[in-house]
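One structure coming up, written as structure tokens, with questions to follow.
All chains are identified by letter, namely A, B and C, in their written order; residue positions are counted from 1 within each chain.
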Amino acid sequence: MFEIYRRTLLKGVALAPLAGLLGVSLSSQPAFADDAVLYGAADAKAKSGGRLTVGSLIEPPSMDIYHQAGEAVNFVAVLMYQTLVYADPLGNPHPLLAESWEVSPDATTYTFNLRKGVTFHTGEPFEAEDVKYSLDYMRNPENGTIGARDFADVQQVEVLDTHAVRVTLKGPNSAFLITLTHRNASPIPRGWYDRPNARALLNSSSVGTGPFRMAEFQQNSFIRMERNPDYWQPGLPYLDEIVVNFIPNSAGMLVAVKNGRVDMAVLVRPQDAKQLEGAEGLSIQRSISLNQKVLDLDCAYGPLTDERVRRAIALLIDRDAVMQAGISGYGQRLGTMVPGMQERWGVPIEQLPNQVVDVERAKALLTEAGHPDGFDIDLTTIIGYEWMEPAALTLVQQLAAGGIRANINRVDLGTWLTNFRSRQMGFTLNDWGTPPDPNILYYRHFRKQPEGADFRNWNDDKASALLDQGRAALTYEDRKSIYGRFQMRLAESVPTIMLFGADHLVVVSDKVKNHRMHPIGWHFGLVKTWLDI
Amino acid sequence: MNPTVFAYLRSRPGLATGLAMIAVLLIVVAVPKVFAVHPPEAIDVANALLAPSGDHWFGTDHVGRDVFARVVHGARTTLGIVSGSLLLSAIFGGLAGSLAGYARGWTDISSGQMIEVILSFPPIFLGVMITGILGSNMGYLVLALSVVYLPLFFRAARSTTMVEGAKPYVEAAQALGAGHDRVLLRHLLPNVVPSIATQYIILFPLALQVQAALGFLGLGVQPPTADWGASLQESKDYLLIAPWMALFPGLALIVASLAVILVGRGLQDTDDQ
Amino acid sequence: MGAFVLRRLAASLITLFLASIVVFAMVRAVPGDIVEQMMGQLGGSEGEAVLRRFFGLDEPIHIQYLDWLGRVLRGDLGVSWRLGAPVTALVASAFLVSLQLALLVLVFSAFIGVPLGLMVGRWSGGAFDTAIQSFNVVALATPVFWIGLMLLFGVSELLGWSPPTIYVSPVRSITENLTILMLPMLSLAFLQIAAYAQFVRQHVIAAMGQDYVRAARARGMPMRRVLLRHVLRNILVPLSTFMGLIFIQILGGVVVIESIFGLPGLGRLLVNALNARDFPVVQGALLTVLISAIVVNLIVDLLYRAIDPRLRT
């Protein structure tokens, strides 16, 4: 079984020298779960015990992991809920709740052997029936779950024995293992949602298998997690308790960090790092992310319907300057791929079209498209996303060079999401991230309807065909070449302009040891973090 | 200057100071370009967060805009929003209040009930809801603020009208066959206007604070328009390295409120004598 | 008097009823709904319809309102859509935080502001009066949130200290609770101290000209005693109604302070619930604010009535 697993795994591995760049040490070796790979590297000096307080600007609206989307949920959910598969920082799948797996040669049947001796926080044993229940519940659109679309290609889930499950897909999907790494796919005890009050209970307790379990969730204040005494990885986690303290504004957060009220904080605004430079007893960890800050172009919106106009916009934008304004340069300029996946999947920026500022060509394109004097357009930003306003101000100035008069229109996230989901996003800044796989990154956002959501009304046949091929392709080489062609198309037709990816900046007090931020930004790293007190 | 006015003002330094401050503010609002050499909306990321200097008197903000220019140009936005929305609520609240006070009976009771409902909302809660519904821009902000303060004008106008309406000369006019519109316009309105004006002066600093607070919560004018509340909102994230971003717009707010409060107090003291 | 109380009570109930319609209509007029918030950039559109049915969002608006009103009348504010928890409990715990802060500010500023007002009223026109008057004017002119920010950063930079960021209820530890609420209270208190002082000063100046004060002075009573025995007693009732008005003002002003200091109060509950489009919670929070304002207004009115016979028409 191990042999099969290794073959599947290695097939796609072409390790880039990313580890050094990130300041994160990575293992390229496939491995069983209880070694160094899961949740980052182990630390021989680690001591157990203590409470870690983490400051967070954002708060999960709810911890009902099957019905509530949002990064704030992801951050903490991964400490309490586990998936069958864990994705390392490079996007390689590793066994977590699955002990091993076998993939059919056409990538349509996945057979998982489950880890034995694992129990849920409820005390019930973790078995194949739970996996089946969870996947079936999640993929059924009648349940109003957030992952229904991601698991729409699952044909059936069969229980082979108490610790073996077979998932059959409607078609080949080589990204399925990474799809399973999202907390959407975390197994919960069978029949959970049939219990009365099931959803409310998830806000006062957790029902996963993770190293921490929920002790208390005080809305608008904090969430407290305590060590799971029955956790299956021996010796883990190191911390007795994690308190995630919600501090609603960065001014308050900075003061709290400086005065030791929190031991660690993720700086959503990278420029805050500047304000903490030289502060005693604190250090700032910077690492690469899977995040992208983008300018989205609704291809059915006013002048943006014309591809030439979209190209002209791309040619007017100096992404480095926007990044400087938005996050003081603490990030990576993007082409068509998020920073953490660029080495492995991205087309080098210099090979992509429409990446270098060329005002003359932009003007020529605009004239050709019937806008010799430019046009007026609303540029939407979202209240609460601090980087957007300075970025938008810079964009307005850059677009003006081509005669495009952009007016900034700030809306609240609720209104913005309504427009986004109804595919009426207009001309807007956006901020999102992805698990480390190109299929997950692109498919939902750019595949034509109905298979994809195609939020930008791109409706591009060529790109959609490539996305279908990429999903079905089996080898890394094939996938890389297909997604390379897709990226060329993306850069040429410009339904989105990936501006930059913000690096993760985490400020930690000196007593916090062995903390590493996973590129996806969720708190996987806290499982192996310890306190030197 | 007329010597008696001069002497009057000399005996009331508070009022004089307030009036002088308002005069300066009005000039700034009228011709901001005279004061600020830098354009308020020109960003220059390379020169962000510069400390105050000869070139940038109040320093620069997080995208390199001149804070002095933003404070000077922000005066027009901020003071315009506040005075405009108060004017709206003064007109509509004043008219409705006078009518209710004059008509009495069911008109009075039912409009009084509606006013009571608005009055029960704390201003910021109401502002948050209205901008939440309509979206965040200057026009809606003016609307939200004018709704917030409408009840107070309504009440002032209503009670003045009631007091005046009960006076013999009004009854006499009515007895002589003057129409309602004539009574309202000729006799009652002249009495209502001063009480509305007093209310206006009292509410101005309060409205200024609510406007700034809404700006601080991110509700208000759209960038890149200069506005004091918005400037303060942006400044809160740079307090440790660029305190000037918060200091000067804050001082501007204080100065503007101060001017109106001083004038209000000065006039009030005069009335008392 | 009895008839007036009844009439006033009835009017308050009507206000409350109208307010409930306004609250409901306003909340439902907010664009977007919880389903989009839950789905984010994920999920399928089929699931949206299912969830809307689940939350009753597919019902006609007046049915939704009547349903809500019916529950409210039975003392049940419904269930939070995002949390599944009863709104009553959420609102109650948040309201207690705001209420405690508001009461602290009310009492603390009275302790400083009233004596201050007595003193400046007593020595009105002097240098002390001018100094306090200037402080008053500046305090009235300064935005509360600006004071809050300056206090937070000033104390942090000067003393290397900042308040704990996890709220502790006074029941669990009164000292910790007060440590947390100290800076927020001070931020809000500046304005209210000035308001009290101004209010008391005017009443003292007016009382100074009154016969009873002149008589007491003529009997040789020291000024201090006149102030405390007579003047203060005479302004206690108007002062308490004034406190009622201030209280409503503070309750409304806590939103921004709660956001700066991270307190889990009503304002933050409202803003977070509004952002999540968790309508039952928004409605519950707003209704609570309105009820407290209406009740305080009612008490103030009745008090006024009790003391000022001229209003008894």
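Simple rule for what comes next: a residue touches a chain if its C-beta (ideal position, glycine included) is under 8 Å from a C-beta of that chain, and two chains touch if they have at least 3 such contacts.
These figures come from a predicted structure and were not determined experimentally.
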When the contacting C-beta pairs are counted for A-C and for A-B, which pair yields the higher total? A-C
Give the label of the chain whose average Cα location is farthest from that of chain C. A
Roughly how far is chain B from chain C, centre to centre by C-alpha average, rounded to an integer in Å? 22
Between chain A and chain C, the Cα-mean centres are separated in Å by 41
Distance-wise, how many Å sit between the C-alpha centres of chain A and chain B, to the nearest whole number? 46
Shared-contact residues (touching 2 or more other chains) in chain A: 249, 251, 412, 415
Give me the residue numbers in chain C that touch at least two other chains, ranges are fine. 30-31, 149, 153, 259, 274
Chain B: positions in contact with at least two other chains: 132, 135, 236, 239-240
Touching residues (chain side chain A, partner chain B) in the complex: 249-251, 254, 269, 271-272, 274-275, 321, 324-325, 381, 383-384, 386, 389-390, 392-394, 396-397, 407-412, 415
Chain C contacts chain B in the complex at 11, 14-15, 18-19, 22, 26-27, 29-31, 137-138, 140-146, 149-150, 153, 157, 248-249, 251-253, 255-256, 259, 267, 270-271, 274, 286, 289-290, 293-294, 297
Provide the residue numbers of chain B that touch chain A in the complex, in ascending order. 41, 43, 45, 62-63, 132, 135-137, 218-219, 222-224, 234, 236-241
Within their complex, chain C touches chain A through residues 30-33, 35-48, 50-51, 54, 79, 82-85, 90, 94, 149, 152-153, 156, 160-167, 259-262, 264-265, 268-269, 272, 274-278
Looking at the complex, which residues from chain B come into contact with chain C? 113-114, 116-117, 119-125, 128-130, 132-133, 135, 205, 209, 212-213, 216-217, 232, 236, 239-240, 243, 246, 250, 253-258, 261-262, 265
